[in-house]
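What follows is a set of structures for review.
Two complexes come next, and they have one chain in common, subunit A, joined by subunit B in the first and subunit C in the second.
Right, the complex of A and B next:
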């Protein structure tokens, strides 16, 4: 009984960690620009496929170049890191195409919701063009474990090693990012831009560069999540990131818009709640997620750890 | 006369169809404390915002040590030596007093110098020292103003642009802030002080300019402006 519970908690925490990654990505962009980047889900997909290709996976029969693959294959850790960086770079492109032109023209910031959604749709379709709509299993899924056994027994609970890895990696990423934001000079500068971009510039901070940094980091977080989910489950098709993107959005609102601890707490709560849904009722998982969101927002409109918004009179 | 540190030549700024500044000529020499006076909406803040590249100049130029600033973006100005303490304090309310001050030194790499300047700021404004680990948002208006000035000083500017540091402060605090500015001036800092409180500003300034509806109408040594009858009537309450 205890073992089963531990197993549930670990699994829940693992998917919660990935939700937190996605939500943190939204948080970074939201805090500097005050808008949601709807291309986040597409970047999640891209991270998954990039990891797959970098590990030596081949393109399927419905792809643009059937049977093509990178020669050789990188170890999982390196592939994941590069895929995250690649997603970050594509996120920079999204900023350039979907956000920067609007800012230059002083357009209504909310319009970026539409342009980023458009960018996301284009990216997912490009991915489909390149890779086909079929699902992919990782070429050497288990090799990701670098010789570790497939299943670990922790306190009597049997848990897939990859889930533990997923939890550890997302926890490390979340922790590193929070520490960086809180303690480092660059993190303080980013928070300064988030609070007041004009004043930040007067202090010598290049606000535009900080905005780009936020996009890079948020894309990298999404890509990291995509790679992790790809390895631990599979890549069910180019659209798989969109679902995680939406879940991340729910987590973001649940935790409180713009709050870093909120994104982390929201992610864990969501993952744990979903893990408690029995597997023969797994169709209800998403329903539960959004039901939690609904209830929390009824009780606390600014989210679990959100700042209460001050209305200016 | 030597090249001014900062010079505005025929500076005009427009917001859409509204002419905010029209042909402003103004100079600030090394070591001076110059004040720019005028009522609300006269264009004082716009002048500082144009110098800091926060609004574009429609006509005219802004020269720093004789060279044009036309292509310099806002975030490069501090590196050149121009600090700007903006209107309304604009402290970063979600960061602590110490973090705000450290952000003022964002461009600097000299740790020892930064530490020394921190202590200097705490010496200049002892209230900030008492509250160094509090969030800036929790400070009173006067303390936030002191923090904004101290933060600008942490960037070691040669010229400090100050936008209405006395705004909204109790008279006693106005005196405290002005004394601090006078002390910084004595220590060699060059200042361009925008003020509505003409009396307080002219008491510590070398020279002054008066801006009305986007145009300069009066200028001269601070002592003469203090004695000027029309200025007294308009800004000094007779």
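Right, the complex of A and C next:
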């Protein structure tokens, strides 16, 4: 009984860690620009597929280049890192096309929501043209875990090693990012731009560079999440990231828009809540995040750890 | 090229475009249209097959008055849902409202997928047909569009429409002028839902099968593209956007399956290249002095 519960909690925490990654990505961009980058879900998909290709996976029969694949194949850790960086670079492209022109014109921030949604749709469908709509399983599976056993026994509970790795890697990424934001010069500069871009600019901080940095990091976090989910479950089709992107939104609101600790706590809570849905109601699990989102928006729109903002005229 | 079936689809697209336009005319970006469309369609599919049948015949026929009844009921149910949900979500603004409406679409989708009587992933099929072929649907679709367009046009001269425009301009200022902004926004939201619900009821018969995929996040994007392309300053914009963007992928079919890439590009580049969309008030004025605002006041402004 206790073992089963422990197993449930660990699984919940593992998917919660991935939700936290996605939500943190949203948070970085939101705190700097005050807008939500709806392309985040697409970048999640791209991270998953890049990891697959970098590990030596081949394109399926419905893709643009059937049977094509990179020669060789990188070990999981390196592939994951490069895939995250690749998603970060594509995120920079999204910033250039969907956000920068509107910002230059001083357009209403809500328009960026629409353009980034468009960027996401284009990216996911280009991915679909390239890779086909079919699902992919990772080429190496258990080998990728470099000699680790498939299943670990923790306190009597059997849990898949990849789930533990998932939790550890996302925890490490989240921790590193928080420390960087809190302690380093670059992190402080980013927070200064988030607080007040004009003042930061006057103090000699390159605001434009900080905006790009925020987009790169946020894309990399999404890509990391996509790679991790891809290895631990599979790649069920180019759209799989959209679902995680939408759930990340729910986590973002749950934690409080713009709050880093909120995104982390929200992610874990959401993962645990989903894990506790009984299996005979598993079809409803996907609605849980949005039901929670609704309740939070109604009872406490500033989220669990968000700042309450006062509307000014 | 354009056959009757495609024409009906185009009209349905125009109707959904109008449904996204209505809250937007009051300054509210709601992506909830597919949720209401799904609710109306599901109700019609259930009423004409599993529940009462409403006079469906054994050979798959269906009386036209029953279809009209379903349009009304689908609209009413969707409107009722909008009334309940709108009271809660319309307190939210901007990004929060957009997120809340996406959440509504997802909840409705998962509910239709999992409820015991909606047919699961397969959905409801063999929905009875009131007409012999696709051309029969032209008349009701056109009539619904004419009615919706007439209401939108009338709105612009009415206090409600003016209040909507005021809220769109500056919500706080509108409130200071004594406009009950919550009530106005709620009315626009409910109107949008009724329209989407009725459209769904018609679409369920036209499409012959109905499942949870009809009201997905994809559909939110598609319907949003209608408004972004056509423009949201006059009701003719979303109508044009819906007609064009529904027809275009069919006409481009030889190019391959690029439908969603196309929609994505429209939403991505539209606000940058043509912030007002294709149909702007200025354009309408140039095309023969027809005033989209439809009011005496507007005409005076046009000829100072």
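Keep this in mind: the second predicted complex is superposed on the first by the 312 of 313 C-alpha atoms of A that agree within 3 Å, B and C clash if a C-alpha of one lies under 4 Å from a C-alpha of the other, contacts with A are read in each partner's own complex, and residues count from 1 in each chain.
The working rule: a residue touches a chain if its C-beta (ideal position, glycine included) is under 8 Å from a C-beta of that chain, and two chains touch if they have at least 3 such contacts.
Quantities reported herein were computed from a predicted structural model and do not represent experimental measurements.
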| item | value |
| --- | --- |
| Partner chain in contact with A:6 - subunit B first, subunit C second, else both or neither | neither |
| Which superposed partner A:188 touches (first subunit B, second subunit C, both, neither) | first |
| Dominant toucher of subunit A (residue count), subunit B or subunit C | C |
| First, second, both or neither for A:98, with subunit B first and subunit C second | second |
| First (subunit B), second (subunit C), both or neither touched by A:290 | second |
| Touched partner set for A:203, first subunit B, second subunit C, both or neither | first |
| Doubly contacted subunit A residues - partners subunit C and subunit B | none |
| Subunit C residues touching subunit A - in the complex, by the definition given at the top | 29, 88-89, 92, 94-96, 98-100, 102-104, 106-107, 110-111, 113-114, 172, 217, 221, 224-225, 228, 257-258, 260-261, 263-272, 275 |
| Complex interface listing, subunit B residues touching subunit A | 52, 54, 73-79, 83-84, 86, 90, 92-95, 99, 102-104, 106-107, 151-152, 155 |
| Residues on subunit A engaged by subunit B in the complex (per definition of touch) | 185, 188-189, 191-192, 195-196, 198-207 |
| Subunit A to subunit C touching residues, read off their complex | 35-36, 97-98, 101-102, 105, 107, 109-111, 113-115, 117-126, 129, 242, 246, 249-250, 253, 257, 283-284, 286-287, 290-291, 293-294, 297-298, 301, 311, 313 |
